[in-house]
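Some structures are shown below for you to check.
Both of the next two complexes hold chain A, though its partner changes from chain B to chain C.
Coming up: the complex of A and B.
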């Protein structure tokens, strides 16, 4: 087994195992930490796919920002008597059928498809992709979507502050 | 590794997220399950980027925007979760049954 394959198997085992532990853990803080572990292992998958910038962004955004934010909210809203039930009243049979059939359909589709690189891009197969290249693509070719995404972040920030302020929340 | 194994990993992570979003009791964990599904999409996009368009890296560009939208979604979602908690003193989605009639 080549090192490449070994790394893939270890990382994907980490992603799937911590995803499953995220589903079944009773303590909500443990669930959040398992979620973080799944995302960090995904960052390793990104490194293996020659996307170092995305791996760094994944760690910065998810580990640095989102998980800390979620842990703050968990601690703000933690209940006095910790509920041990993990799943809601929908039960687990229906969701399990949905998830398993989705995976089965995707596996069937993937196993019947053949993927070939675009004819214009076969030259890049073994080429090392650099962050500089990605930056050129992002700021030259995709400048307008980039600006729109920045504006979307601003809108989300303002809206989150407005909602969380909860003006007139005692009117319930 | 071939492209197919990455796609299967993405499908498995998406299925885990789907199961969590449909079955979890806590509103915060439902939000996290949706994040897991977005993350599965990112795995697929970057795998396609690496195998189909290795020169222009279109998938990587797209997944940057997916991460931006995921960050927006978490920010707004947590604000809504805080507001819900302030109104009902609980985060269990089963308790939000005001519209049941």
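Coming up: the complex of A and C.
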């Protein structure tokens, strides 16, 4: 086993193990921190796959922003005892349907796509410089999907502000 | 084959270990030195002497303080979440250390020559607020939780203008690598003046400095620590070296913000005679960083603290529109007259 493979297996194990701990952890703060560990290990996998930009983005958006957001919600909603039921009050049917259908969609997508392995000469390169390429792809090749995604986020933001202000209330 | 592999593993492991130890050493030395400098500059502003007893003009005072902190009793609140209480200082310290990985000290000396450079610094430091909230929560103390939450809220709000304020520089130099950004500032602007980005992006620099101060929880934005309201916030329950780690990461983060400011806006190691004497490069970098650090401490000695609502209003209603306008103007100029730069 090469060092790269070893690193990949260790990181993957960390992702799966902390994901599981996130699910079964009774203390909600601990659960959030296991989630953070899973996200950081995912960033580690990106690093190990020589995609530092993706790794940094994973840390910036998920490990940084999303985790803090979740922690804020937890802090503002829990009263004294942050104990939670492992499989919440909603029962098991709904989550099970969601999980199975998500798995089915992912399986369908993965089985339909064809993966072409990288040409052998790129495997030896220590550091693939990806930012410039990624920028060209994102802002030139796929500009329209990018703009649509940005607009979607803007709509979500406006909706969030509207809900936060409360219906019927004056904005000022 | 196996021997080769293990040799490779060992050499890669050594490289990582040495890089990390170097980063920790730089962060620690910079932090300890800055604590002393801050005390001296502040007392000078207040027409006092400050520490004078330990070493020449008290130069060894912070070293003695660190030794004292290590020897101190490490108290943990009975109701505290023991594991998280122990983990939080590390979660705050590691990002501050890892930020030093991509900072170059001259045109070819950098620990990690990544093309994502400055993006890495801003990405890794977003983990700090998580550590602060965890510190506040695990202390089981309402002042600590409030301090942690305030601090995280502040850092989240000011990350946006901080990132956007440097984006103008990145557009002009079309690189995220700090070495390339410094190289882009070596062109001649007018006469002997080089095209440092502070001249091309003056608004960007001012906004970077203000957002940086807020990001660092420094005066006038030191609301999370506000002694009179929060008895110093998230670190209230911490003692000994755990507290030392918070202190150290805070000061290391100040050094990082100052270094990045110098590299991105003040021409980095560019200065008189640097082409003739290459050894001058780190000296210029250090001098400029010291000047910026002096400015930051000077601001602390001069300004009163703002209120939390003033802070949020400034961030979202003044800083954000200004950085966006700065970005738009930069983009427009780049499209209309790309030859200017």
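One rule holds in what follows: the second predicted complex is superposed on the first by the 119 of 172 C-alpha atoms of A that agree within 3 Å, B and C clash if a C-alpha of one lies under 4 Å from a C-alpha of the other, contacts with A are read in each partner's own complex, and residues count from 1 in each chain.
Methods note: a contact is a pair of C-beta atoms (placed from the backbone, for glycine too) under 8 Å apart; a residue touches a chain by one contact, two chains touch by 3 or more.
For clarity, every value in this text was computed on a predicted model and none was experimentally measured.
Of the two partner chains, chain C is the only one that A:131 touches; chain B does not reach it. After superposition on the shared chain, chain A has more residues touched by B, the comparison being chain B against chain C. When the shared chain is aligned, chain B comes close enough to touch A:95, but chain C does not.
Contacts of A:28 after superposition: chain B is touched, whereas chain C is not reached. In the superposition on chain A, A:64 makes contact with chain C only, while chain B stays out of contact range. Looking at the shared chain after the overlay, A:3 reaches chain C, while chain B stays out of its contact range.
In the superposed pair of complexes, A:53 makes contact with chain B and with chain C alike. Annotation: chain A residues 53, 57, 65, 127, 129 touch chain B in one complex and chain C in the other.
On chain B, the positions that touch chain A within their shared complex are 1, 3-9, 11-20, 22-26, 28-29, 31-32, 35-36, 39, 42-43, 46-57, 60-61, 63-65, 67-76, 78-83, 85-87, 90-94.
Of all residues in chain C, those touching chain A in their complex are 5, 8-9, 12, 81, 84, 113-116, 119-120, 122-124, 126-127, 129-130, 133-134, 137, 145, 149, 152-153, 156, 176. Across the complex, chain C is touched by residues 1-3, 6, 29-30, 33, 36, 52-53, 56-57, 59-60, 63-65, 67-68, 71-72, 75, 127, 129-132 of chain A. On chain A, the positions that touch chain B within their shared complex are 4-5, 8, 12, 15-16, 19-20, 22-23, 28, 31-32, 35, 38-39, 42, 45-46, 48-51, 53-54, 57-58, 61-62, 65-66, 69-70, 73-74, 76-77, 79, 83, 85-92, 94-96, 98-100, 102-103, 106-107, 110-111, 115-118, 120-121, 123-125, 127, 129, 133-134, 137-138, 141-142, 145, 149, 152-153, 155-157, 159-161, 163-164, 166, 169, 172.
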